[in-house]
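If you scroll down you'll find the structure; I have some questions about it.
Labels run A, B and C following the written order; every chain starts at residue 1.
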Amino acid sequence: MKRLHIHSATYTTFAASTLALIISSHAMAGTVTTDGPDITIKTKGGFEAAAVDQSFSFKLGGRIQADFDQFDGVYTKNGKSANEAYFRRAILELSGTAYHDWKYAFNLDFAEDGSSKWDEASITYTGFKPVKVKVGRFDPDFGLEKATSSKWISTIERSIIYDAGEWVNDKQDGMGVQVSGTSGMFYGSAGINRAKNNEDDNGSNNNTYNMRAVVAPMAEAGNVLHFGVNYAKRSTEDFDGRIRSRMGVRGTTEDSKNGNRPTFASSQAGQFDSDSAWGLEAAYALGPFSAQSEYLRRDISAKSGSALKDRQVDGYNLQLAYTLTGESRGYKLDGGKFDSIKPSNKQTGAWELVYRYDHLTVADADMDITGSFYDTKAKVHTMGVNWYANDAVKVSANYLKAKTDQVANAANDDSGDAISLRVQYAF
Amino acid sequence: MKRLHIHSATYTTFAASTLALIISSHAMAGTVTTDGPDITIKTKGGFEAAAVDQSFSFKLGGRIQADFDQFDGVYTKNGKSANEAYFRRAILELSGTAYHDWKYAFNLDFAEDGSSKWDEASITYTGFKPVKVKVGRFDPDFGLEKATSSKWISTIERSIIYDAGEWVNDKQDGMGVQVSGTSGMFYGSAGINRAKNNEDDNGSNNNTYNMRAVVAPMAEAGNVLHFGVNYAKRSTEDFDGRIRSRMGVRGTTEDSKNGNRPTFASSQAGQFDSDSAWGLEAAYALGPFSAQSEYLRRDISAKSGSALKDRQVDGYNLQLAYTLTGESRGYKLDGGKFDSIKPSNKQTGAWELVYRYDHLTVADADMDITGSFYDTKAKVHTMGVNWYANDAVKVSANYLKAKTDQVANAANDDSGDAISLRVQYAF
Amino acid sequence: MKRLHIHSATYTTFAASTLALIISSHAMAGTVTTDGPDITIKTKGGFEAAAVDQSFSFKLGGRIQADFDQFDGVYTKNGKSANEAYFRRAILELSGTAYHDWKYAFNLDFAEDGSSKWDEASITYTGFKPVKVKVGRFDPDFGLEKATSSKWISTIERSIIYDAGEWVNDKQDGMGVQVSGTSGMFYGSAGINRAKNNEDDNGSNNNTYNMRAVVAPMAEAGNVLHFGVNYAKRSTEDFDGRIRSRMGVRGTTEDSKNGNRPTFASSQAGQFDSDSAWGLEAAYALGPFSAQSEYLRRDISAKSGSALKDRQVDGYNLQLAYTLTGESRGYKLDGGKFDSIKPSNKQTGAWELVYRYDHLTVADADMDITGSFYDTKAKVHTMGVNWYANDAVKVSANYLKAKTDQVANAANDDSGDAISLRVQYAF
């Protein structure tokens, strides 16, 4: 009994002094509690609050991408060197969960011109596990690089093969429904999207249908083997079949004075009546090294009776990336996409080198003076370096070398060079 | 003394082990404190932080309403079936309190077209209890259904009787001051609003005056007896007197190709000089059942010497709603309005049926070829079902049947049908 | 030993009951923890979360400024009294820190017309202490009153001397880089900014260069002695040299019907080729009293061969302010600027009186009919009272008396009066 008393005394003193500490700290600092399930909060520049039991969550973050481009040759109208400083994206991102299975994402892209486009405005139900149902505005699922966040792609801009057709994986101010699911080494999605103002004469909206299937026998950071196939079709009866490309330099359209966005197939209203695309994707990652390649084909059918031929757009790319500081690119099977590089050293950060080759051709793009159809072509080499200063800040520099065939600017240039710089803050 | 020792030991052991628990959990998880009064935080998809002593608070939430409409007949220009998918509202809502009595609300509605309208931007002083003084942008107070949040009205769209005059209870990009108060079974408000760009030739703004008085002998969820009277007048010397109605289907104006928003009285500039409206409201709720009815009358006086007659707009409605799962609609005397239905079962949710009849007439609307004035009329039946999946998610389906008199579309249809669907996420 | 036992018992009882309290409060209220460094949160209407070790932070706040102006004479087109109620600013402000040294600010000004301008969108690196490097969109640094937040200047609008040239300290939808630093009694900044769409024929952007140096031997609230010098130059070859001024009343441009913003030098395209400005600033504060004065000169050089002369714009002001309730204006050497007045009594608030005299002249502004050049001039007296109800709410009233020389409205008025009111909520 005596021993117990001593113990008691010992514990008690400990308890008392600790309590004194807690209480005194409470005297200076107010308490923070919640009236529901326990909550964990965090800030890494943005803010998150999530119930420990995952029933509820709230997250507020965003991204700022400040870009500078210097470009010449076919990238400009007169071939002389132009430059442009602009915000590529300035997105405020809100997302959350209610009652475990109901999620929303509300991402607002505030453009320089004063408009505020929704990068996403969607509601997702995750209760039919492993299937998710999403409704609202979001980008249709097509292609590995498109699936990867603009924050974490390896180059400053995505591949020019996506210029084959914007509708293939862009929301186009529309709305849609998507079903997706992940099981074992498989991920798949199927969706319907309705582009804004794309409707028939009675005001009935046309649809875009998308499907994507991914198999990834290896699906974790630094250990990726990924294959994917995509298909998209749209039921529109009236489109102009124009193919344009910025060839990897956004400044070409930001610079209204001298920027050039070459046309690889001219706009021809009322000549086409069927539009579809399919794509292949493959990726491999081993530790700090990653390789990825995509193929995209779009088939534009001329109306019967049209003087034009069917247009066939073919694009492929190959990208190699290597993190000098040893970190691996993240990977998520749910979504079939690469994710961020998290630098081991948050002071010196991570350094990554990247090279990509892009190739885009349009077969039977247009007619020449003699009445015969010709093909157009674009080739772009991109060399880049990324500095991931920490989880929030990324600084990128790209050098691009472009060459076109049967397409030129006003000064008859069919090649051009560009340097792009980006400072990115993801909060 | 010995007993005390034993007690001490017992308590102490308890204290020590509990402390060990607290301390160990603190070792893994960082502490969250505040440097002011104690704070309670919560997330239900959005986020709230409020001082326990109610001196300060902050709330960030919002609503996403994704709609789909299919409609034909008089709802379209050519009478054929049109459809439209669109976001009805995508609002980010910030509000807060400083020093007990100073409140703000800053609600931004991000429209699809890239603009960002303020649903509200107001500052309220609550120190003169029970009176509140509000300044800034907010909707003038007129009518029970308008007072009720768009999140918690029973049908997808509000009654067509409000189409009698937008200025009656819409802010019209203006600013105003409002005094309101609640006492016993009474609620009342009086306000002045200045619609944007509604001014005289010297640039002096015209005013809109609003008054509303509510008495509710029964004023709690499931037990409501509510009567209200409203009056509004505007001091504008130049308005066109046009009456249009979407007849309960927003898609009619979202669909620019074939949507039809019939005109019930034509625009006639410089012919009218006095404009006022008054309204009555009544509501009753008993458990899961609720009934409400509103009457609105607008008097548009023709200028002396005008060839036109005074226009008189009369509207009334009757709405019945029943919650199959037994929940009652919320009610708030402060504001004189219905509130949300909170489903008892957050998995299966609450199910509500609703029916509304709307009637709108314009007397002496316009002149026919023979020079005699005629009346126009609209009648709409709305049947609906609401699924409140949980406190955050509501899914609604409405069927509408409309009939017009002396008003038709280009194909001479004077009736039409519509189906409206909505998915709503309130975070 | 017995004494110890007694102590033990005493402490234990205390410990146990305190624990019981903590535990019971935990039983009702969930815990809030973080998975990183300890966090302090606070709300004063807005919301802040910051790691105690200052590694990370997040802040969401904003400001609403609701204004009303009544004005006549030269402030209007026809000289008759006009008025306008409008929101001067409605800004949502996000800012944060990641990994100690990386900061961002993303301030969105939601205008009444539905556009959303960025008041700021910048990334700052603070690692090269005491030097800061900022990139993105922000106002160029020029002048004491411009450096002071619009929330905490003493009058409703800033001095008319800044109307000498908007580019001097306005971002003009551009982007830039700025280096700044504070050391001892010195603060300085140097920056380059590129105004949107101000570029040469090849699409190469023109630059604006800014420099500011401040020395403040006394640099704390209520004890300020501040001197500053500013220089700005822009490398644009094509500007119209127009000088306009709202003369301290924003309503003049908000009221599109009858508001008048006089032109002090006409727009003359292609006549000027060099543009620079310099400025001086001085301020003194002793307890509740503060005095400040600024001088600004802009030199606009006519092209050789132009029929126009060089234009020289001179502006100066003097402002006196006194806080009746005794509080001092805050001051920050980092940024060389005044800060808020924090009322001692959060119920009755602080009361401040202010007077400012503004003087602006344009030498050789334009040619008269006889071919000789004349000077134009504006003088404005502003008397004001500010009520700082608490740290969040400020109510201001200003009376302005303006007089022009060689400039008049359509009714030939060369003087005018105005009353401005503002309610401000800073959350």
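Everything that follows uses one rule, which is that a residue touches a chain if its C-beta (ideal position, glycine included) is under 8 Å from a C-beta of that chain, and two chains touch if they have at least 3 such contacts.
This one's a predicted model, so the numbers in the text were calculated from it and none came from an experiment.
Contact topology of the protein chains: fully connected, every pair of chains touching. Judged by shared residue numbers over all numbers used at their interface, chain A and chain C contact each other through mostly different positions, with under half in common.
Its C-alpha atoms fitted onto chain C, chain B is found rotated by 120°, rounded in steps of 5. Chain A and chain C have centres, each the mean of its CA atoms, that are 37 Å apart.
In chain B, the residues that reach two or more other chains under the touch definition are 5, 8, 12, 15, 19, 22, 29, 32-36, 39-41, 47, 60, 115-116.
Per the touch definition, chain C reaches chain A in the complex via residues 4-5, 7-8, 11-12, 14-15, 18-19, 22, 25-26, 28-36, 39-41, 47, 49-51, 56-58, 60, 94, 96-99, 102, 104, 106, 108, 111, 115-118, 121, 123, 135-137, 173-175, 194, 196-197, 199, 201-205. Contact residues on chain B toward chain A in their complex (touch as defined above): 5, 8-9, 12-13, 15-16, 19, 22-23, 29, 32-47, 60, 62, 64, 66, 76, 78, 80-87, 90, 92, 110, 112, 114-116, 255-259, 346-347, 389-393, 423, 425, 427.
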